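The first chain written gets the first letter, and so on, giving A, B, C and D; residue counts start at 1 in each chain.
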Amino acid sequence: MTTASNTSADPASKVPEAEQPNQFNVQIANGEASSAFAQKRLFQLRPKDKGNNPRGPWKTAFSRLLRDKLAVASFVFLAAIVLSTASATYYADHISQTDPFQSNLDGQIEINGDPAEIMAADSEGLGLGVTPIGPTWTGQYLLGADAQGRDVAARLLYGGQNSLIVAFASTALCLVLAGVIGTVSGFLGGIVDTILSRLLDIIWAFPIYLLAISLSIVLISTGLQIGPFHIPSNSLLLPITIIGVVYVPYVARPIRGQVLTLAKSDFVLASVCLGMPTARILVRDILPNVVTTLIVFAPIMMSLSILTESSLSFLSIGVQPPAASWGTIIQDGQGLLYTRPLVAIAPGLAIIITVLCLNFLGDGVKDAFDPKAKLRVGKG
Amino acid sequence: MSDNILEIRDLTVGFRTEQGPVEILKGVSFDVKAGEIVSVVGESGSGKSMTSLAVMRLITDPNAMISGTIRYKGRNLPGLSAREMRKLRGRQIAMIFQDPMTALTPVHTIGWQIAEQMRVHLGLGAKVARKRSVELLGKMGIPDPERAYDRYPHHLSGGMRQRAMIAMAISCDPAILIADEPTTALDVTVQAQILDLLQDLRREYGSSIILITHDMGVVSTIADRVLVMYSGRIIEHGAKSDLLDKPQHPYTLGLMRSIPPMTGERPRRLPSIPGSPPLPGKRPEGCSFRPRCEFSFSKCSAVPPLYRCNEQFAACFLAEHGSHQWQRNLAEERTAK
Amino acid sequence: MLLAVLRRAFDMVFVMFGISVIAFLIFFATPGSDPSARIAGRNATPEMLAQVRIAFGFDRPLYVQYGRLMQRLFIAQDLTSFVNRGQKVVPAVLQATPVTLCLVFGAAVIWLTAGISLGIVATVFRGTIIDKSLMLLALAGVSMPVFWVGSVMNLITQSRFHDTWLFSWVPGLGYTSFFESPSLWFKTLVIPWFTLSVLFIGLYARVLRASLSESYQEDYVRTARAKGLSESRIMVRHALRTSLITLLSMFGLDFGALVGGGAILTEVVFNLPGIGRLTYQALQNLDLPFIMATVMYSTFFVVLANALVDVAYAWLDPRVCDAR
Amino acid sequence: MLHHTVCRAIAMALLLTSATVGVARAEDKPKIGGTLRLAAASAAGTIDPHISYETGFYWPIFYVLNDGLVTFRKAAGEPSNDIVPDLASDMPKISEDGKTYTFKLRKGVKFSNGQEVTLRDVVASFERLFKVGNPNSSLWYSVIKGGDKCVETPPTCSLAEGVVANEADGTVTFNLTQPDADFLYKLAVPFGSILPADTQPSDLGTTPPAATGPYMITSYDPQRGMELKRNPEFKVWNEDAQPDGYVDEIKYSFGVKPEDAVTAIQNDQMDWMYDSPPADRLKEISSESADQIYINPSFAMYAAEMNTNIAPFNNKDVRQALNFAVNRRAAINIYGGPRLADANCQVLPVDFPGYKGYCPYSKNPGEKWGGPDMEKAKALMERSGQIGQKVTVTVGDAGVDPQTGTYLVSVLNDLGLQATLKVISANIQWTYAQNSNNNVQITLNTLWQDYAAPADFLQVLFNCSSFHPGSDASPNISGYCNNAVDAKMEQAMKAALTDVAASHEMWSAVDHDITDDAPWATLYSPKLLYFVSKRLKNFTYSNQARMVFSKVWLD
């Protein structure tokens, strides 16, 4: 892949220049028409140019991030979501008092005094059918029960835990892998680069879902055997690994590109001329920039991972039951879609809100750390 | 002054910023007569380009604050509606930008871009427009204009692109041509050619030219009149000959000194003005040149008005009582040669 | 130029080869997975298993197996489902293709028109509340899991509001070919089209908005103004024209990926018998040949899309083709 | 409250009368033509009538496609259990010793490919049964002379002295090694279908065979669906055996999830669904469109079959523990509530010939199930020493299986096992579970009668000879093999020839023995609930063919 592939990861989500940080600088740029663009570039590249003492620009970046209200708000929101999912056990034990992983098909609960069947056999008409209890909006079965008579609210929280864990872990994995591959390939160049970037090209041309699905089919049915370690097929590690791996090219390619340009950049050449050892250059000049880019990627990748995880779980090749994730809950909800839509809709909303916040945060981080960075939110 | 085609009266441009309003231009006033070449000189940041953009009403920034009058043939440009202004731009007042690399749309042929302007303003048909633009390209001294018409900007050298830019600018023969550092991005030989081109234009179309530059060399070659700008103000203006022979303002003097002499042995190194112009917003009280001025004295803490001395104006207290000591020295130096 | 074409062709072949190898390794060489066991879909008597082993050379080194499989997949094309005996893989894939094409094509039309117009509107009003709210919507669209949107759509159009004038026209889930009944074909696809396009509308609006406001910083837009062009002309002929290049490259890849099974979720939710659903069922039937076939097929589309994008690129952006 | 229950009772009564005699509701006059649209969650693999053992799913279709020498009467209710002559012009002459059956082949019946049905075809068809490895070949058809050899070496199967054609008087004679009370039944089911002699001697897979019935399969794509059109060669020869169909076309679409199918039928987008409607929809449809619902008692069993050959279910205590622990009411709730199923612990369905209520796995053991007994179950687990064992519950992705599977998983976990659920396509589940190579530990199936005799359930599902290791055609899913029980079955079979009542006694004994060994955890015997579109008329439920596709017409 030549042009197309390079540009493909490109298209950026940028903010209007009015929102761009450091008004002042930009306006001078506009004012001084002759060098408008040059100056703007200068300003925007600044974090990179100062690559060899990262703390400085990072401080400014963070302070910039803090000034971005939307980003801060989303961050707070995310924190709230994380906390609430963390409280899953508490809710299950003390409020709903049911095990959300055990079917509860002929249990009863007390709704303000009088008992209620969790799976109520119908008494009207032909007296056919059994309907899970609806949202009580109080304590137990807050959002009602699913087809197994399990407390949806409780499952939602536990599911959230898994979804977030998977998303976070797979993102971390993806970024680390991509960072390493990209840097090595870009910095060493030569045959290593050719091989690595070829490999990336190939994986990149692999439609994400198909790759994920293919991996899942094999791994879910057999588990993964790496030397002495065996990952059982129902372990969270599987979806984490799969999602982590499939997105590597999307991050590794831009990183490689960045490292390539950096390696040719003046300040690196300078330090080469100064006879600085390669390792030192790598650590002092290259890595800080790579890390910046990775930071910029992090939120976007996380939102992608959440979506991917839910999709795989929806196809029942992601998180395996009895464990739940937002995706699996939606899947369970399919059966109840027409009578208890809430079961399917609630986790969906949870996903949307989380991903939305992550994307806002992503925009914020991007503008704060590296406004010129080109990344793309969401992938079909 | 009926033959003034453009009259600018205390034009002020400022920007709202997080650090409060910042003035880029302060009370700039000058005239342009029909058919003359006025050259605006100054270091970058002095606001000369801002002036031209203001005239063209190309300052799109929502935070811009613009005041003052700009009369073109008696009509006040800031007062015009967007439509009227559009009719004027490119038709009456055209502009050439510094960097021909970025100033042309990369995805259209230069021919198309020239033709576009004529089709919009003169309502020419595709064929005629093409013919005219090919002629223009030819006039601008572009070899094989027929082919050049269908080339893309990135195919052409800087000089050629600048020629194309000029061709575009004059395609609807405007009354005023604003050339913003038309030669800065080009190498010396090409510079000369472009400058000649501009002079021919004046001769042929009799259109007046506002030439914005920081290069005294350029000024000395083609300008009729010179405006010297420093940190948003016009600090001296007058006929070229007067201003170059006996500059009234120390800053102008500095600029003069920085031109390599045409005759005699070259000095080991050219004298230059110490320091650099203040950023807008950080400008000192009083005369903003004071910190760099070798002659600064107590009075300079006030903002100097424009003092008139024959046909020359200078905003410096030294000019208060006519010519000054250093000017005579300069004169002697010259006569000695 | 010819050289470039050749290089491109080589790239394509290379990538396809690489992908086929990876796919093969995933299915046939993952530690702890015995393909012939998973092939034991239906009526797999021990003798059958033995046959399968021979036929696919599972007793031979990997490269032989790979060769055999590719040969049967592309040259002989006699690969049949292990689960539904006698069902040839290649025809099944070819039969599913038009469905997916219809789905993706329709969706593409929607998302391009909607995405581009949103992007333009937002840019025109950049900085205003309109811009901000549009971009918020776009981001929301990007944040929605497509299968969830699909389910909700079903809930609304099939159940909750089906007997209102709004959605009474919506036919049952499934697919009717265009030649059977154009009107029905359209009706069955409308909802899936919109479902599929939501994400991309958001995506494209955002990207276009970004690259447009970037163009508006460019010198050539200022030049265009100085030429006295109308804002609309500046937008269409200068800013948009340049931004479209970015968009196009994106579009080609998305289209390819979707046609290549990326639309699996939509197809499953709306029960459209396209490539995606084929893959999904093969997955549930543990039907190896089908999975291989669909994977190969879809990668072919993606690679093809890449190539086309490059061509279109050279055509849209003169700078590229000279760079070659 | 009392008042309430009364109403309910009345409603129920109404329903049952209206339901069981569906014909009675055929108030309006027949309509010919139209397309009958059927929906199912997924296909069920091969459509080879000599192989497919999809009694509930594909057999009803086969019944309107192909014919045997005899068949079950296509009628509603009781009469549908009777056997009537089909391709045979009348019922066979059976010798005194019950070892020879002689049929006269009907003249002038043609296959959909134009060929006439000949004696050759009859002989070939029965040899084909063995060649393609019919699931019951060894159990049912090896009584035919030469059958045993055919079982050993299918490819070279010849029934020269078993099935003898007599071209002269156009008769075919079956010679049996021993009398067999159920033989006619075995000829009446789709396995007995007569196919052209030149039909390939291996699984037809997705290519339909030539038909003799009113319809023929014109296309079959397990991913999409099945299309049946009128068989141009068909002429009615025996209204009882093979009536002509009303609708012109039958379109079966696969991949329609039950919840969507219900909605589709409500919206008149579908006419009939194979899967039972999800429990949570029943309330709505039964209150909104009661007259589109038909409930029929069915001779079927919903059970969890445990693999008695691999851990942990090779341990009787564990099997019994599950039987004690499983809450049949919960399972019934998933299926659609107490009105739709009877809890059951044994193999034979309620009211099936030879059925005697027996439930040792209950709080208060007796005839009927009275609730789970967790204490006993836990105790048994302790004793078994299998606690902590890993169990994978393998279920199909259609009907109530996934739900019930999930429930089983939680029960097994309660018992201290480490259970996980594995959902695979219903398209392969039935055969996948049968193949011992796949090491399925426990699975779920609804087991339908093939014909109304106890031997059918007990022998087919638990006889040593119906367990074929490593084969997909091994209906004895539990791999249960108990020679003592086999011997008892032998006797019962013999007895059936002379004294049916006595044989039923023996069969129920066998039933109870097996129940004690607990190779299954039987959950309930379901009633069949059919939800049909408004326009579907003359719904006719046969105990053999379920809804008789050739009997319904569309308004």
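The criterion applied here is as follows: a residue touches a chain if its C-beta (ideal position, glycine included) is under 8 Å from a C-beta of that chain, and two chains touch if they have at least 3 such contacts.
All figures in this text were calculated on a predicted structure; none of them were measured in a lab.
J.: From the centre of chain C, which other chain's Cα mean sits the farthest off?
T.: B
J.: Please find which chain has its CA centre nearest to the centre of all protein CA atoms in view.
T.: The most central chain, going by mean C-alpha position, is C.
J.: Hey, how far is the Cα centre of chain B from the one of chain C, in Å?
T.: For chain B versus chain C, the centre distance works out to 54 Å.
J.: In whole angstrom, what separates the CA-based centres of chain A and chain B?
T.: 53
J.: When the centre of a chain is set as the mean of its C-alpha atoms, what distance in Å lies between chain C and chain D?
T.: The mean C-alpha positions of chain C and chain D differ by 42 Å.
J.: Can you work out the whole-Å distance between the CA centroids of chain A and chain C?
T.: For chain A versus chain C, the centre distance works out to 21 Å.
J.: Of all the residues in chain A, which ones touch at least 2 other chains?
T.: Residues 18, 33, 37, 334, 337-338 of chain A each touch two or more of the other chains.
J.: For chain C, what residues touch not just one other chain but two or more?
T.: In chain C, residues 127, 154, 158-159, 218-219, 222, 286 touch at least two other chains, as defined above.
J.: Spell out, as numbers or ranges, the residues of chain D touching 2 or more other chains.
T.: Residues 257, 263, 423 of chain D touch two or more partner chains.
J.: Sort out for me which residues of chain C touch chain B in the complex.
T.: 127, 218-220, 222-230, 233, 237-238, 241-242, 245, 316-319, 322
J.: How about chain A: which of its residues touch chain C in the complex?
T.: 1-5, 7-8, 10-14, 16-19, 33, 36-37, 40, 198-199, 201-203, 205-210, 213-215, 217-219, 221-226, 230, 303, 307, 310-311, 314-315, 317, 327, 330, 333-334, 337-338, 341, 344-345, 348, 351-352, 355-356, 359-360, 376-380
J.: Taking the touch rule as given, give the residues of chain D at its contact with chain C in the complex, in rising order.
T.: Result: residues 42-43, 45-46, 51, 133, 203-207, 221-224, 253, 255-257, 260, 263-264, 267, 269-270, 397, 423-425, 427-428, 431-432, 435, 437-438, 470-473 of chain D touch chain C.
J.: Chain C touches which residues of chain B in the complex?
T.: Residue positions touching the partner: 56, 58, 60, 62, 86-91, 94-95, 97, 99, 102-108, 116-117, 120-121, 152, 154-155, 165, 168.
J.: What part of chain C is in contact with chain D in the complex they form?
T.: Within the complex, chain C contacts chain D at residues 37, 40-46, 49, 81, 83-87, 92, 95-96, 154, 158-159, 162, 171-174, 271, 273, 277-278, 281, 284-286.
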